[in-house]
Amino acid sequence: MDTSDELLLDIQHLHTAFRVHDHFYDAVDDISLTLHKNEILALVGESGSGKSTLATSIIGLHNPRNTKVTGDIMYNELNLVGLNEALFNRIRGNDIGMIFQDPLSALNPLMRIGEQIAESLVYHTKLNEKEREARVLQLLEQVGIPDPPLTAHQYPHELSGGMRQRVMIAIAIACKPPIIIADEPTTALDVTIQAQILDLLEDIQKEIGSGILLITHDLGVVAETADTVAVMYSGQIVEQGSVYQVFEHPLHPYTRSLLRSMPQADSDDEELHVIQGTVPSLVNMQRTGDRFAPRIPWMPASSHEEHPVLHEVEPGHLVRCTCYKTFYFPDEKEAAAAGAPQNANEGE
Amino acid sequence: MWKTILRRVILMIPQIIILSLFIFLLAKMMPGDPFTGLITPNTSPSQIAKLRQEAGLNNPWYVQYVSWVGRAFHGDFGMSYAMQRPVTEIIGERAVNTLYLAILSVIITYVIAIPFGVWAGRYEGTWIDTSIQFYNFISMSTPSFVVYLLAIAAFGFGLKWFPTSGSVSVSASGFFGIIASRIYHIILPSILIGILTNASTVQYLRSGIVDNKLEDYVKTARSKGVPERVVFNRHILRNSLLPIAAFFGNVITGLLGGAIFAETIFSYPGMGKLFIDSVNGRDYSVMTALVLLYGILTLLGNLLSDIIMSIVDPRIRID
Amino acid sequence: MADTKKKQQTDAKGNPIVSAPPSGLRVILREFTHDKAAMAAFIIMMVIILGAVIGSFFVPSSRYTDVNILQQWAKPGTNGYLLGGDDGGRDVLSSLIVGMRNSIAIGWCVAILIEIIGITVGLLSGYFGGWVDNILMRITDFFMILPALMIQIVVITIVSRFNIWVLIIMITALGWMSTARLYRAAVLSQAKRDYVLASKTSGSNSFRIMFLEVLPNISSLLLVDTTLSFATSVGIETGLTYLGFGLPDTTPSIGRLISYASDPVSMQQYPWSWLPATLMLIVLSLSVNYVGKALQRAADSRQRLG
Amino acid sequence: GNSSSSSSSSSSSSTSTKKLSFPDTVKNDKTAISGGSLTMGLITDTPFKGIFNEELSDDNNDSTVMQFGSESLFKTDSDYKFVDGGAANLKLDQKAKTATITINPNVKWSDGQPLTADDIVYAYKIIANPATKSSRYTDSLANIVGMAEYNAGKANEISGIQTPDGGTGKTVILHFKQMKPGMIKSGNGYIWESAAPYHYLKDVPFKSLVSSDKIRKTPLFFGPYQLSKLVAGQSAVWVPNKYYYGAKPKLSKITISTVTPSTAAQAIKSKSYDILGVQNAQYASVKNTKGVQFIGQIPLSYSYLGFKVGKFEKGKNVEDPNAKMNNVKLRQAIAYAMNIDQVQQKFTGGLTFRIPTLIPAQFGDYFDKSAKGFPYNIAKANKLLDEAGYKKGKDGYRTDPKGKKLTIHLAMMSGNVNAAAISKNYIQQWKSIGLRVELTSGKLLEFNSFYDKVQNDSKDIDMFMGAWSLSSEPSPNDLYSAGAPFNFTRMNTTEQSKLLADIDSAASFNEQHRIAAFKKWQEYMNKEAYVVPMTNSWSVTAVNDRVKGYTLKVGGPNVWADVAVTSK
Amino acid sequence: MSLIEIKDLNIHYPIRSGFFNRITDYVYAVDGINFDIEEGETYGLIGESGSGKSTTGKAIVGLEKVTSGQILYNGQDVTNRHERKKIKYNKDVQMIFQDSMSSLNPRKRIEDIIAEPIRNFESMTDTEERDRVKELLDIVGMPSDSIYKYPHEFSGGQRQRIGVARAVATHPKLIVADEPVSALDLSVQAQVLNFMKQIQKEFNISYLFISHDLGVVKHMCRNLAIMHRGRLVEVGTREDIYNNPQHIYTKRLLAAIPKVNPSGREADKAHRREVEREFQDHQDKWYDKDGKVFPLQQITATHSVALPPDEVTQIKSEVG
């Protein structure tokens, strides 16, 4: 993709910790990422892996009373970590737009759509009311709302899910921010609408040239839209690379397992792959060694690093822990050994 | 919307009919009648018996009821036996008094409750919140009449800041003079009512704010770069005021009924006081008319709540 | 609409919202140990309740019923009158203990009755919906428009023997509606949940589902609402007594004692007659409220302290 | 029981403490200022009705509010006997069965119109016209010839009331069917003592008179003051009536407003009013207030304990010889067991006191000075019961003479703050003589319930504590005769009928005979104890030191003509 | 005879309005649909949100009142509640719900949850019952000590398996699975789907598998029906639908499936847009003038599509 090199966001060693029972636990644990102009960076991972936490850290929306953010998030020479509120308010909306997962609850039920879109224009542009109105209509048009003047006067509950998500996008792009964060923008939507929204997002990105941080847990969505991918597990990035690198040569056991558990078009009647165990919760998370190790117990401990770090296996393609080198699926081994695809139920 | 309102109003009719029957029966079950008390050597039992007969009090209750309803239908609620005046006239007079008291009380209630609710919600968990909640609990559990008595002793008789009885000074004259005098008479009771009855409003507002603070749309607003003050006022506070708006009708009707204690202690001639007097005097006509009025007011209050709700909350439609 | 299909709801922590607390009692306990005020309130409440209940066994009824006019308005501390005497020379302390017990009894009885009625109506109405709901709600509406205080006054005037039970029934009869509505709303939100459908497909009958499936899930409301009803009914009794519609003298109550503050002068002259009861009432309601608050937090996962 | 009562008298009077007594007039030696305004409080729970017309109102509060303007037609002496010198003079003619009223020609209504014969006639018409529904109409008034016919609507005029000088004249003659000894006294009920401004009211139909503005907002009076401003039910301002026929009123303004009973004591202490009544239960707490004088008067009333011994049937009291309470010794024992002196000393500081007979002492000669009543005497009470065969059981309670369990139900009104304690006290007293007394319905009865039960001879009443306030003519016939519905005990003995008849008989036109008749009746009543006289009370008023000339004395045309203040 | 035959099923919800709150219109949630489910097969029901899938499913298990039409179970009409009761219908027809949390009573132990249908439909002693519950837990691969736990103590996938255990407790013939995996993460989804298949094989259960995810449906079902606006737009075998979609709506659905192959994404996108344009531009071709779906027309033995008759003949000729 035509990823120009202009660096928008440079996240270095970001930690975000939540206070639970008087202790702080890292939900985002030493993450470093960069986002460039015109880039769609997809962040994938199971529920609870820390995707949203990362996003809210960038835009500074955590409650400082029970959250601790450390590390650097550099935006235009400005470190967003610990930035004062007034300054941050100038950046939010203007330089970073955000799209949330559930557009119904993310829109104020008592405000007209038009007002809600115009709100960010009020604080970031010098447009007068007339101009703002015109801009709102233009934005609605841009996100493919069939009758902008009508919709601008409606309330969120009067719109369909797809329409609402379009409105959310309109809000996010209102000030043409160079950075857009989209936290699971399509999870609440139907497949057909999901496709429309993703296409729209892409189009808009092309138009205004922003960098998009796209958060999702749907690998299909990533494959369809992203330029680069970061796979998260337990607050860490376990694999990172261009979309081709990650999908065509997935390396980390977690990435590979995920891809394998998708129902494949050509494996109709076969059993699906199952990842053993469950995603650990914030408090119970194992914080030493390879965090994914408990879920691939057949791998010998020796195959894991003691302090797994990201290895750059090819330019831009990073993978955590060395276990990927020896990783295999147990049934593959059996299959190889027994020569038959028959296998037993993998316990939980 | 008008259709719905009309339908709601029509639906009230059966309820009001049942209510009227109910209270009429209750009234008739009360021992004695308006003439029971008229026993002085200056009156003759025979004359009283005659008056009683003429008033129809010796008829079977259903005959009395039907004639009562018939007259009430034409807006004639009869004469007050005790006051020897048309019931509508008496209630009208008292209703105005109660209305003054209720309006000022509501204003004071909200003047206190809204900032308190906002602070408690905004600074949830801090000492501000704790103190406001403590004050709320105290005000809920203190018997109101004790406070009224203490206040009337201190500010009415002691410091002589406020009048201690009545609704208006007899020496007041001129339109503004009378209004001023009326307000002067209700300041103390309204402040007390306001202080003592704002708990539920404060709590509603507080929990609304606490809940709304966590809503996603607040996050959206912040992500737009809206300053915190505006986020609070326009998104959190405005949405939290919703249940309060909806509660407004109830607050009004609640105050109308709940002012009995204040009216009694401040000898303020309002409807609550009138009710107690009419029960004690077996003044059926006044009593039944009052209960009916309260019933209708409650129904209208509910309707008002719903209408307000549908106006302020676009998600609610009455059509 | 698309939002029906959204991902499972999660709370702030990203955990699925667990509608029931992990084992009710444990959470409540945790809530109390984390909240000093609630703990203190609970202890005070228990001390008052137990004090009144146990204490009343040791108070001979003559102490609070027999008039001894020579001891009228006896000062506190004189002649064995720890808290002084009242207008009839009766012992204020004994009246307070027994009055406290009676008022608490009234409060709890009303609260329990209101909960029973409220739950039944709420369950039937919310679960069955349709015409059952319609009828029950119209009845509820009707009771809602009755001016409670007024009707109470009239009823007290009518009944030939006014006693604790009449009072309890009366307060209940005029006070169950909001509770019923509360439960109805809760039931409605529960009835939408799939476990109710699952029970139906499992062949359970409606009553089973209502009382064994749905009811336990709204039981957290019960604790909160009970405390509220309790405080309200004690308040009603006090108010009625002040207005002159109180229980007979043989049944001391908080209301009767507080009503000694009938006018500013005797209020100042005989503070021992009404002040202890008033303070008791405030302390009791306060602690009940704090306990209720804590229970409410325990019931609402979002507000839980930890 | 003459001898027995005398023996106990000394002991009982020694236990009762110093008798309270109040002056009936304020003392103020300072000179009155000219003009000045005065405030007066009216202690009431309810707003006053505001029927400012004697013929239509039977309400004490209304009389209090209109006392500044409303004046009686006739002057009386301190024994309530009519004397000349008021707005009109009254002359009775025994033989002709007439009363002649002669109006003082100087008397004018506050609008300047003179008081005329029509005004007096109109007052009777207002009372008797069925359309006004006045409760003032009584059987006594029907003693005027033609009154009953007018009342029944059969006549347009009252034939027995004549105006020989014409309507605008100054003379009215009343024709009676029968002359009564009480007619010489004010409050007798046969002669109406007020007038109504005919010229002013004649256009108002009788039916709407009571609610008309002419009665309620702008009433006319011929007394010293006239109504100037009114807040319905709450307060009224009175200003001098410049047409007043007597001495020129001294105050420029009198304001009267209602005061809740519960704040009345506080109001006295803070001197919020120049004149304000004192509630007996609160007297102790206000009596030391500085700058306030307490004046008092004993009203014409008494409280009593009555025993139900029968029923009112077909217009007659029918005594039931087998009634539970129809045992004179039981009734006496109950009376002797009451520690009335002690109770009243404690609860009212002596403002309320025990009375020995059913005729209040203020009636002078009619009052039986030798009557002792029922002073507290437990031993005697026990003895009486023992004699009568009420035996004590193991539980300490007596059974009736037939050996059956005896429970006596006492009906008593709530209202007084101390009523509960007092009832309990008496119940304990009776318990000490072995009588099981319970409150009817287990509680004090609210006013209406009480009278409802008492009037209808409810089965759950054996005895009841009531009170009567009397008019200034004390004939007990209305309250105790065989045909009187107000005879709530339902006693009816030939002796009683005879004694009562004698009081109002022709022979009683002779004052000495009447006095003797009254005494005989009082003796009889105390002997039979159907009705036990209990108490009467001082009615005390707190008056600010700056008030001059205020008195509670009876007789004068209108005290307010003389009231003044001595400082601003 | 099929296990279940749905015949012209209609479920309409009244819309009330006007002065007297009378019924003025209906939501045609399910509007005349027909399909059959054979014994032991998984039948897929696909459609966008609000198309009436759940309503259909609920009607089949008897949770929704049928406006008209028939549901034949082994040839017997079960639209009537008494009928269902009589034949203990729900012993044979069970349901798995989308939201595992909300479908398990949070106040009940797992044992009581799974035992509920057993207690209602079978008479067993306590020990028998407990053994049966343990056996069921074993079938869905959960440790037997789970019986003492409460639902919230399990992960989403485990909870969904508990739901499956409850559904199979009475050896049902048919299970309606209403989006059983939509709320689950990918890896957990795989677990649940595996179990469902495994149990099906073991007990010869039929599924009505409701979903909007065509990938999952393809993995699970041999026959499927596409639902749109309360009606069926296309019915056929997996091959018919995925390889030879006829209705524009089916095509849209297929085009919208995100592929895990980034290299083809530009082409996919182009295709998607083309389908979308066709859908937008030729509404009249696919829907009647009221925007309603046409009646289904058979084009092959297994494949039916809702198109105007002339279109169908054209397609038939192409296929034939």
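Just so it is clear, A, B, C, D and E label the chains in written order, and each chain counts residues from 1 on its own.
As a working rule, a contact is a pair of C-beta atoms (placed from the backbone, for glycine too) under 8 Å apart; a residue touches a chain by one contact, two chains touch by 3 or more.
For clarity, every value in this text was computed on a predicted model and none was experimentally measured.
**Q** Considering only mean CA positions as chain centres, point out the chain farthest from subunit E.
**A** Result for the farthest chain: D.
**Q** Does A-E or C-D have more contacting C-beta pairs?
**A** Taking the two pairs in turn, the one with more contacts turns out to be A-E.
**Q** Just give me the whole-number Å value for how far the CA centre of subunit A lies from that of subunit C.
**A** Centres of subunit A and subunit C (C-alpha means) sit 50 Å apart.
**Q** In whole angstrom, what separates the CA-based centres of subunit B and subunit C?
**A** 23
**Q** How far is the middle of subunit B from the middle of subunit D, if each middle is the mean of its Cα atoms, in Å?
**A** Here the centre of subunit D sits 39 Å away from the centre of subunit B.
**Q** Roughly how far is subunit B from subunit E, centre to centre by C-alpha average, rounded to an integer in Å?
**A** Spacing between the chain centres: roughly 55 Å.
**Q** Two-or-more-chain contact residues of subunit D, please, as numbers and ranges.
**A** Subunit D, residues with two or more chain partners: 262-263, 266, 269, 446, 449.
**Q** Touching two or more other chains, which residues of subunit A qualify?
**A** Those would be 47, 102, 161, 190, 193.
**Q** At least two partner chains per residue is the criterion; list those residues in subunit C.
**A** Counting only residues that touch two or more other chains, subunit C contributes 1-2, 5, 7, 157, 263-264.
**Q** In their complex, what parts of subunit E are in touch with subunit C?
**A** 49-50, 58, 61-63, 88, 90-91, 93-95, 97-99, 101-108, 116-117, 120-121, 150, 152-153, 156, 163, 166, 179, 182-183, 212
**Q** Show which residues of subunit B lie in contact with subunit D when the two form their complex.
**A** Touching subunit D: residues 30-33, 36-48, 51, 54, 79, 82-86, 89, 93, 149, 152-153, 156-158, 160, 164-171, 264-267, 269, 273, 277, 280-282 of subunit B.
**Q** Hey, which residues of subunit D end up touching subunit C in the complex?
**A** 261-266, 269, 282, 285-286, 342-343, 346-347, 414, 417-418, 420-422, 424-425, 428, 439, 441-444, 446, 449
**Q** In their complex, what parts of subunit B are in touch with subunit A?
**A** It comes out as residues 215-217, 219-228, 235, 238-239, 242, 312-315.
**Q** For subunit C, which residues count as touching subunit D in their complex?
**A** Answer in residue numbers: 65-67, 69-70, 72, 86-90, 157, 160-163, 244, 248-250, 262-266, 269.
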